[in-house]
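So, here come the structures, one by one.
Common to both upcoming complexes is chain A, partnered first by chain B, then by chain C.
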Partner chain A sequence: MSDLATASYLAQADNGSRLNKTLRPPFDAVRRFGARSIIMTTIAAVLLFVFLSPILLVVAVSFGEKIEGASWVWAFDPSNYARVFVGIGWPDEITLLYAYKLGYTLAYAVLGSLIAIAFAFPFTYFLSQCSRPVQAAWLVFILASLSMSEVFIVMGWDIMLSNRSGLPALFKATGVTEWLKETGWLAVLKDWGLANPRNVKFKTSQLATVLTMAYLVWPYAVILLYAPLSRIDRSMIEAARTMGAGSFTVMRTVIVPVVRIPVMGTLLLLFVYLLGAYVTVTYFAEPAHQTLPVSIYEAIRGATLNAPFGAAQAVVLLTTAGVFIFASLWLSRLAENRGR
Partner chain B sequence: MKAALKHGFMLICAAYISLPIVIVCLSALNGGRSMLFPPKDPTFARFWEFFVSEPVWLRSMENSIIVALASATLAVLITWPIAYDQWKRNTAFSRALTGLAGLPFALPPIVFGVGLSFLWTFVGGLGNIFTGILSHTALLAALPLVTISIGLQSIDRYHLDAAQTMGADEPTILRTIILPQTLSYTLSGFFFVVVLSFHEFIVIFFVSASAYSTVTLQIFNSLRNGFTPTMAVGAITFLLVSIAVFSAVARYGDLPRLLGADPARKDN
Partner chain C sequence: MTQKFKTRRTGDLTRRSILKGAAGTTALAAGSSLLAMPAIAQARSIKIGSYGGYFEDSFKKFVYPAFTEATGITVESVTQPNSSDWLVTMQQAAASGTVPADVSLYGKDTMIKATRIGEMLKPLDASKIPGVTNLDAEFLYEGPDGLVGVGSMAWFNAMVINPNEVTPAPTSWKEFWENPAYEGSLGISKKIDGRLLDITAKTFFDGAETLMTEDGIVAVLDKVAELKPHVALWWSAESQMEQAMKNEDVIGGSYYLDVANIMASDGFPIKPLFPVEGNPIGYGSWCLSPLSEKTGEAYEFMAFSSDPATQALMSRNIGTAPLVNRELTDLTDEEFAFVSGSPIITPAYESYLDNETFIKERWDAMLAGA
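Coming up: the complex of A and B.
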């Protein structure tokens, strides 16, 4: 009896599962679509909240109004922007303090990214010619140095450039300082802001700022250039070689035309990254030559505490970066279309 | 001759890149309180200070690890469905999500940091470690998004077709083919976030509001009183972690491929 019951139960269960199977596709689709839309909606909400809203908030706050001796209130006040470009006393007087800061921000970023590319390009080209395991080893090295925080890098350069134990001390010990004094170069360096009457000095200087920035983005430059350079069609280079082209001609007529656009794109990305450099500038640039990120920090968390003004400066920086990001996207699209 | 020149140039670049890092690491050996190079009265006492006797470093190390691991996990969890949806369906919605997920990484970090500090001030949670984690998730999500997308694109189409012909449904294919084949790419993305989160400074600086500090923040805060060799121990620790992580990525995944090298050219 019990066997029979079991058998009929099993038959029913089997029936049920068959029933289930016939019903499965539509039910399953609904269930799956449900799960998918729940997951994707949640993710979209998270993205809007944590990824996008901060950027919108910066724009919104930048129109706020600072209350003297207190915090600030929501408003629609474009004067923060006027202050960034022509100073707080406008239109009676024009002060270009923040415009200069923007100028320094741009200048450091341009120089830093150009120097980085100038050294990273040949390096990456040679790297792409190595064997795959050698490439992997180099990439580990590059990535490890890439992950050194700006704080550590500044620490290293600070020791290297400091008067007590860095290059100036080395110059003195090896007699280079004496030689510079005798030949009159020290006076020239002093005019450039790179020496005091006794010895060379690199802190604080614009040279140190720009070089540290170039150092900061050099590994990024290698990583970004690696993909386009390692995908260059070898047969084209070999064809050029067989037809008697020298290394320089190959570089000029084959390689540079192929990677011109990715190189421009890389340059723009490095530039945008350097626009936001903070630690380097606070350490190596003298106050008169400091940049917008430093004064953004001052306004938001530091001494001046004027959130709307800080936000306005951030928006100016963001707009500058945005213009360049769009330019780089446009360039890469151009490159894709060319490739087809 | 030419090859020698090439290798010479590469080695000079490597030396230039290593120099400040090596100097920081060696400075950790200083016996006194000031950073001198070459180090004076070399000693390992600073390591003892960092890891044992000065609790402020250990506490910030703990925060660094919590923020890095949690934000890497969250970043992978958020970007996996985005990358999958984009790969599988490629709708306007999935493309918009992809763009949005990569956006914070493409901006100057200070602008995003300022925005996050406003956000957490308004909704509460400024200076809470959880908002720090969310902030790093948002900032660095672009990395796993990219590695996972590369992983999905590298799946062999034949495997998918075979599975489909044999009647496997989408969840089964996802579980038996897609997840295992993209695991190394997912892990790479995870570790990229871990390492960059360890070192990230400006965003965590804004959102921590001095309520807690990671090692990087602690070092920056201590910089005001000048450098001390104990900080350099932090640098060494981080460097070793980075090298270990990226070597593992290179060992178990295809690092050149991850960084965009031509997959067809394996052995040149």
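Coming up: the complex of A and C.
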């Protein structure tokens, strides 16, 4: 690669010296900075533009001013940010509505990714010990399942939890519902929001929301964990076993220390992915437990046409996610250093 | 079947509907250009917007051909995702000097919003729209510069129940609050303009008037909060409520009259009702873009749309309620009952706009219990 670049640079420089003076300035630049660095700078500029400009635009919009009953105009109005933290009635009263929404966003993302990893880790560990054809078959299946969009997955879970086609129907058909009614457990479930007077119900509930989110990212967890888990040196495990370590001790002292960094990385990636989950939340979480992305969408696309407030919420979500990721990276580095 | 309504009022534009819309528009354009060829230079045409999906398809199938037959003007159908998003599109288009649609279909709140933004709607000369007097005066919207919107059709957010699960049928919205059988069993629109505020104001307070003040809004919201334990689903897309009724995850709630009727005729357990307080009405209006050069054609289309025969045509094929006196149409009792009813709850449109941010945040806070 570098040989090729050098060759092309030399060719360019050679050409430049032979060409007449009218063509000089650009070739001068080439000679001074090198073709390679010019290309690299151009690519970097394009990338910066492509990645940064949408974010900068969101930041700019977030300072816009909402005109009641109409649209919004460009301005420098920091009140959108104040509203995210303390609500519209500030300073007379404080609403933590959006702080709650941010809290649910983070809580669902953390729980969803933890549950996904809790199920994916043992699965992937045993998968990595299977024969090659079995591994290949599973990986193809899991990779293929990634092509399912959130909409399809939510639709599937929706059917599974529906009163006439899903778990509640099963409860009813097997007589569990009747039993719950007789023993008074249905009333208890009703208090927990998991039943109505006729049967159990799992929609809407935080349980359904978190489980669907975990299901959503489980294939990613398997694929991300597969490489580190299948690279574990078997002889280390065998050595530990011959020295009398039980399965748990092997897991604790050999396997987990080896893969803790990839696991941490996987966790962060799933967390970030789930921060933006939208369809799952709108379908399975009641409005009291919905997240910031839903609120952002409603501000921008809903009847109020309040893009500035939507943008301000988006910036707060982005910043919070950034802080969380940096904090986790910092903590894991701290743990690494202490380990040495 | 009812899936087709999905894009109409929710703004849930699906990829399929876009593709379908695009394909349909292209096919229609190709078709109309072929048909128009022998007519040489005289061919007149106009671009008309409507909410995509089943709604627009019905227009293309039943209404526009009848218009072309009557006037010789060909219609290029334009897909609008919904009312308020389309306003944003038209605003951006106006800034760049283009006209995506000569005539757009706007809900009343969007129409008011457009007049407040300014220079979005062209003032119309009612004397040049012969049939317009057929419409009730309330469906002719006047902005500061005069008439800007001519009503096209109405729809209801009706009370619905599952007739197999709910007996006897409720006669008042109050029962949704008071009957413990509805605990965790209702499906209600989550959007602030889903009309629950108007229903609550009419049922327990002085109607739209109560919603004109902040104190009134807070009182109505407190009453809505009492309904929360009975709501199993706060739906944001029409299809969610459709599925929940079909699956019996909910046994009642509020839903569009036209869709509910179509579901019922497909054999699903849903029955729309008109309780003593009535159901909220919503209606769409035809509005002309100020940049359009097709004012003459637009007048002819608005006249055609205001004709009782066209209103009946829309009721039969789209399921919307007519905006002209029923006696002027040839709709049978059965046909009329399918698309309309009484009494009518008129939404407090002005208040939703004047107190937009306040209502939105208080509504969300009420839902969240924050």
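Assorted remarks:
Simple rule for what comes next: the second predicted complex is superposed on the first by the 274 of 340 C-alpha atoms of A that agree within 3 Å, B and C clash if a C-alpha of one lies under 4 Å from a C-alpha of the other, contacts with A are read in each partner's own complex, and residues count from 1 in each chain.
To be clear about the criterion, a contact is a pair of C-beta atoms (placed from the backbone, for glycine too) under 8 Å apart; a residue touches a chain by one contact, two chains touch by 3 or more.
On a predicted model such as this, the values are computed, not experimentally measured, just so you know.
Once chain A of one complex is fitted onto chain A of the other, the partner contacts of A:164 extend to both chain B and chain C. Of the two partner chains, chain B is the only one that A:51 touches; chain C does not reach it.
By the touch criterion defined above, A:95 lies against chain C but remains apart from chain B after alignment on the C-alpha atoms of chain A. Judged by the number of chain A residues each one touches, B leads among chain B and chain C.
In the superposition on chain A, A:193 contacts chain C only, with no contact to chain B.
Using the contact criterion defined above for the overlaid structures, shared-chain residue A:139 touches chain B, although it does not reach chain C. Once chain A of one complex is fitted onto chain A of the other, the partner contacts of A:215 are limited to chain B, with no touch recorded for chain C. Residue contacts after overlaying the shared chain place A:253 against neither chain B nor chain C.
Contacts of A:68 after superposition: chain C is touched, whereas chain B is not reached. Looking at the shared chain after the overlay, A:183 reaches neither chain B nor chain C.
In the superposition on the C-alpha atoms of chain A, the part of chain A touched by chain B in one complex and by chain C in the other spans residues 158, 164-165, 301.
Chain contact summary for the complex, chain C toward chain A: residues 11, 84-85, 87-88, 91, 109, 112-113, 116-117, 165, 180-181, 183-185, 190-193, 232-234, 236-237, 240, 243, 246-249, 352-358, 360-361, 364-365, 367-370.
By the touch criterion stated above, chain A contacts chain C in their complex at residues 66-71, 83, 87-88, 95-97, 100-101, 158, 162-165, 190, 193, 195-198, 201, 203-204, 282-283, 286-290, 295, 301-306, 309. Within the complex formed with chain A, the residues of chain B that make contact are 2, 6-7, 9-10, 13-14, 16-21, 23-24, 27, 35-37, 78, 81-82, 85, 93, 97, 100-101, 103-104, 106-112, 114-119, 122, 134-135, 137-138, 141, 169-171, 195-196, 198-202, 206, 209, 216, 219-220, 223, 227, 231-232, 235, 238-239, 242-243, 246-247, 250, 255-256, 259-262, 265-268.
By the touch criterion stated above, chain A contacts chain B in their complex at residues 28, 32, 36, 39-40, 43-44, 46-48, 50-58, 61, 119, 122-123, 126-129, 131-132, 135-145, 147-153, 155-160, 164-166, 215, 218-219, 223, 226-228, 230-231, 234, 247, 269, 272-273, 275-276, 278-279, 293, 296-297, 300-301, 307, 310-311, 314-315, 317-318, 321, 325.
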